[in-house]
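Quick one: structure below, then a few questions.
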Amino acid sequence: MPEMTYSEALNLALREEMRRDPAVFVMGEDVAVWGDRGGVFGVTRGLAEEFGPERVRDTPINEESIVGVAVGAALTGMRPVVEIMYSDFLTLTMEPLVNQAAKLRYMFGGQARVPLVVRTNLGASGGKAAQHSQSLETWMMHVPGLKVAMPSTPADARALLRTAIRDDNPVVFFEHKLLYFQRGEVPEQEESLEFGRAAVRREGRHATVVAAQAMLSKVLEVARRLASEGIDLEVIDPRTLVPFDIETVVESVRKTNRLLICHEATERGGWAAEIAMQVGELAFDHLDAPVARVCGANVPVPYSTPLEAAVVPGEAAIEQGLRALLAGARWGPAEIG
Amino acid sequence: MLRRMVLIRAFDSLLPDLYTRELIRGSSHAAIGQEAVAVGACAALAPDDYITSTHRGHGHTIAKGGDVNRMMAELMGREDGYCRGKGGSMHIADFSIGMLGANGIVGGGFGIAAGAALSAQMRGSGQVALCFFGDGAINQSSFHGVANLAGIWKLPLILLCEDNRFAMSGRAELMIAGGDPVKRAQAYGFPGVSVDGMDVLAVKAAVAEAHERALAGDGPTLVVAACYRFQGHFSGDTQTYRTKEEMAPWLERDPIPAFRSSLLAEGWLREAEADAMEEEVATAIAAALEFAQASPWPEAQEAWEDVDA
Amino acid sequence: MPEMTYSEALNLALREEMRRDPAVFVMGEDVAVWGDRGGVFGVTRGLAEEFGPERVRDTPINEESIVGVAVGAALTGMRPVVEIMYSDFLTLTMEPLVNQAAKLRYMFGGQARVPLVVRTNLGASGGKAAQHSQSLETWMMHVPGLKVAMPSTPADARALLRTAIRDDNPVVFFEHKLLYFQRGEVPEQEESLEFGRAAVRREGRHATVVAAQAMLSKVLEVARRLASEGIDLEVIDPRTLVPFDIETVVESVRKTNRLLICHEATERGGWAAEIAMQVGELAFDHLDAPVARVCGANVPVPYSTPLEAAVVPGEAAIEQGLRALLAGARWGPAEIG
Amino acid sequence: MLRRMVLIRAFDSLLPDLYTRELIRGSSHAAIGQEAVAVGACAALAPDDYITSTHRGHGHTIAKGGDVNRMMAELMGREDGYCRGKGGSMHIADFSIGMLGANGIVGGGFGIAAGAALSAQMRGSGQVALCFFGDGAINQSSFHGVANLAGIWKLPLILLCEDNRFAMSGRAELMIAGGDPVKRAQAYGFPGVSVDGMDVLAVKAAVAEAHERALAGDGPTLVVAACYRFQGHFSGDTQTYRTKEEMAPWLERDPIPAFRSSLLAEGWLREAEADAMEEEVATAIAAALEFAQASPWPEAQEAWEDVDA
């Protein structure tokens, strides 16, 4: 299998889908002409050359209209894949995304289809500070009518983006800044990956951990470390938040009896709670300890290195959380301050 | 065209009574007094052209050729409604006639219309999109982004502002900096045209010209149709924000009798034909009421359908 | 104690605060001239007469600028109280609210204060359909730097709005459409009500229910009904979501050992999960059954009477949920369809 | 003014090296080539007037009288930085001099500036607010709502567009419908003024006039200053979207030597004074570097402070 970066894998999916279906087109700020042509993180690189400026559209700086116009195009036969440069700028697109894209089909009694993909990235990385580091995927999960993907590997990035583009519903597709230039194997063949199928990234029996993207690699690192002490973690990558593969998590918890959920998004009101709630509903009697979480602190993301490191869960915090879970004690990030 | 105007008037005239009888609920907004804008504009469009509408959308739907039976059934929340009862007045859509939906969000139609125009342009389909919106909506953020995009991409888009002088209680002259909405077009480098929105033929002519520009690849046009909302914003509006005196001259310019008289005077229509047409409309409306009331209520579990395609 | 409506109580709080502090002013669509002067729900009635058009400002239809400009005014010595006519339109204000209001103080290292109140209403009522019925309070809860209030009674409405206006931080103040014209007693004296203090609306020992606003009255009605069968419910009204009075809930759960959370907001990713998670963390060993929830269905709010009634939790759904909780069984709204 | 221009140049010239040495992180954007706009504009303001800035904000802060020591400490994420290390380049603010913050959101300053102007108007304080923004930002939705409000409320607001021809790779002439941003003012009924942004005195004069209008209660002015970004959008920008040829004529019009020469020619400055001033700036910059590096790192637990007032 060829190796490529996450960014290249996304690029490949776009290329394949644009070749396959002339209705697919790309639109966003600096997606065509920027850099060596194609997006701050290179995801759309070379597409303008191959598909021309009609299908790879640089827009003015107006996120609201990027999504708003994409909704109209999606309703009328096109399959727009738009890029919002940072997920913080989703705040500017909530009206068309939430009041229009997510609801039109429903409000119109099934008349409409909205095959729209909104690609963006989340997460803190290297001091981008509070307005370029947010992880807003939980908002989207709370909106009926939106699907939510968050791939963690190059192979998944390509396969899930492909699925997203073929989906007749609006998909918010969250990439992670720290993953763009990480390499991984990607199958030669185009592969389909259905939404709602979690990946068990590591099997184990002492506790289950759910984590995605940048948190996933930290969790796996901690798992390797704990393995040397004979602690076996099962690590699950959800891949999509809507639909969410709760069965895989529940099955794992039935085995391990302990669950920790780890996300970078702000802890309060974040999706860890939703998963914990569902696991409680479905597997309460199998839980030997309360579901635990290690999540982003309830503060905006600060700039300075030591501050950023304090609020984004690192390996130490994850390990501490896991040890507490295994010991049965309570642990929360508010206490590490 | 006269028939459609009369049909709109008759349809929207039912609303207060339907509320009183609790046959409809939610919010609905009558376009009484503004019929010439909807009908004139749609008369200049091809059947497969797109329109987007507003919260005040019944007139637009009828003007584009919508079915009053299914509209009424939707208002009553029934199974045979355009949206199977899920939408109500503010979400009526009929994709089969290019009607891409009313919208409960002021300014919600800008992106949809511009996107439909982009889609038409990319597909080379020769369709044009027309966006109805109010004097209030021109101040909404989404106007700006869409006007700019339409300008640079020369989208086949007609921005049709129904300037009925009010946004709820907000007077256009107080809320629109610069006073006249038509000035906004120049800022984006495309033409802005003012037209008498009480004159259906004038509206049609202005939109026809904009339509030609759009088809020729010359991009968008802003058409501002001066009109007036004869009734409250919605049923129950006490209208304390305006006086009978200021309303009077507008009410005198009612577009329907005006158009009827001119058709009669110019010999396009005979008195008897006009009367027959009005009777026919009354019958259609009565039939719509019957159709709607005969339509079953949706089953509770349908609430879980139509979320995903 | 005088009786007044929720809307009148809010009006009273605005009036009192505007009299007290000349920096307080009101801004929004149709807040001054509409109706008999003052807002679709009458909350700002008469304020324009008393305080003049400078301090009670009708704006054009542009929610983004209403909040955006209010942030600037709040930063520079004023205390704006803005009205967003329906909380669905918060989608248009997320940029200034989330990226600016919530974060400026933090990003600027404590230099700024943002004494801003954004008043709006949530909930379904009488067929307003998908774009005028959303309950988006959980989004706000997930944003560090925002406080979130949701009063359930006229007395609380007045007292909490007063506290919100005096707070030096941005507060999103959710009213409920169905409460505006409900009456209740309001003390003669101006009363302070600190944020983060839940009210125990009913004491009981068999289960705890957390609910606010329109759900609260339904829960209390069900509680009355169950009382005749000897089932005693403890009912807690959180009053504010941020800060949240988790202690009161935990204390109650220690006694009742069962918890149900009921909100109108969409179930998936809603705040019931957050509260359940925290209770799990703090009182796992006291739970005799998994925390349950009865919440809005995971669909947009439909227009038609039978459909709307199906997706917004009613007394029957609440009762069913409670009986299942007391019996130990699992119950979810997906099953009532 | 020349001193501040030179100081901005010197400050922003350090950025690439600081990145290489990993002394700063995140994104920062140099205003090299645009110094005349920041300095000319702020020179026309009173000390207690407000400004809002952008992602490219170092120049604005220095022009308003900011302290390069605290700026540099902030860039390095230290305790003595303007934001105690929480903000970094894109969030530097100094409320003591009316500098209401840089902003990471393109268009994020419009509401803040207009709100400050509204506040000044309501308090009768005689302050004016100036909003710096780019040719890219004029297309942002927030421009529209704020321009409209400022127009109807006659806010004491100066909208200062730094038209440096690019928004990252987006060329102003391709992205701005209608071509010239200055046209947008008319749409809202207030004046739009074009000025040579390479000429600090011209900028100062234009802003002074807008300032007078604002104080007289005549409302906002849009000032469009034509300038050029001499360097990449940020460090690491490969600038494939523009050619050396098109840059050359702009680079020749460097505002600093131009202003220096004219001051010398007109006798306002002597060569020796100019050299001394440049040396003094070099010393100030060296001191800032030293100050910042000597400043302690914030403690981890400070991350939990400053969320709430």
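The chains carry the letters A, B, C and D, assigned in the order they are written, with residues numbered from 1 in each.
As a convention for this text, a residue touches a chain if its C-beta (ideal position, glycine included) is under 8 Å from a C-beta of that chain, and two chains touch if they have at least 3 such contacts.
Being a predicted model, the structure only gives us computed values, none of them experimental.
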item: Centroid comparison with subunit A (C-alpha atoms), farthest chain; value: B
item: Between subunit D and subunit A, distance of the C-alpha-averaged centres to the nearest whole Å; value: 35
item: Interchain centroid distance [CA atoms averaged], subunit C/subunit D, Å; value: 40
item: Separation of subunit B from subunit D, taking each centre as the mean of its C-alpha atoms, in whole Å; value: 45
item: Two or more partner chains touched - positions in subunit A; value: 59-60, 62, 64-65, 88-89, 92, 95, 99, 106-107, 129-131, 144-145, 297-300, 302
item: Multi-chain contact sites of subunit B, meaning residues that touch two or more partners; value: 81, 83, 85-87, 91, 103-105, 108, 139-142, 144-145, 148-149, 152, 174-176, 307
item: Touch-based graph of the chains, sorted into line, ring, star, complete or other; value: complete
item: Contacting residues of subunit B [partner subunit D, same complex]; value: 139-145, 147-152, 174-179, 183-184, 186-190
item: Subunit A - residues contacting subunit D, complex; value: 29-30, 33-37, 58-62, 64-65, 88-89, 92, 126-132, 297-300, 302-307, 309-311, 334, 337
item: Contact set on subunit B toward subunit C in their complex; value: 24-27, 77-78, 81, 83, 85-88, 90-91, 103-108, 136-137, 139-141, 167-170, 174-176, 237-238, 240-241, 297-304, 307
item: Sites on subunit B touched by subunit A in the complex; value: 50, 52, 81-87, 91, 93-95, 100-101, 103-105, 108, 110-120, 122-123, 129, 141-142, 144-146, 148-149, 152, 305-309
item: In the complex with subunit B, residue positions of subunit A that touch it; value: 25, 54-55, 59-60, 62, 64-65, 67-78, 80, 95-96, 99-100, 104-115, 144-145, 147, 168-169
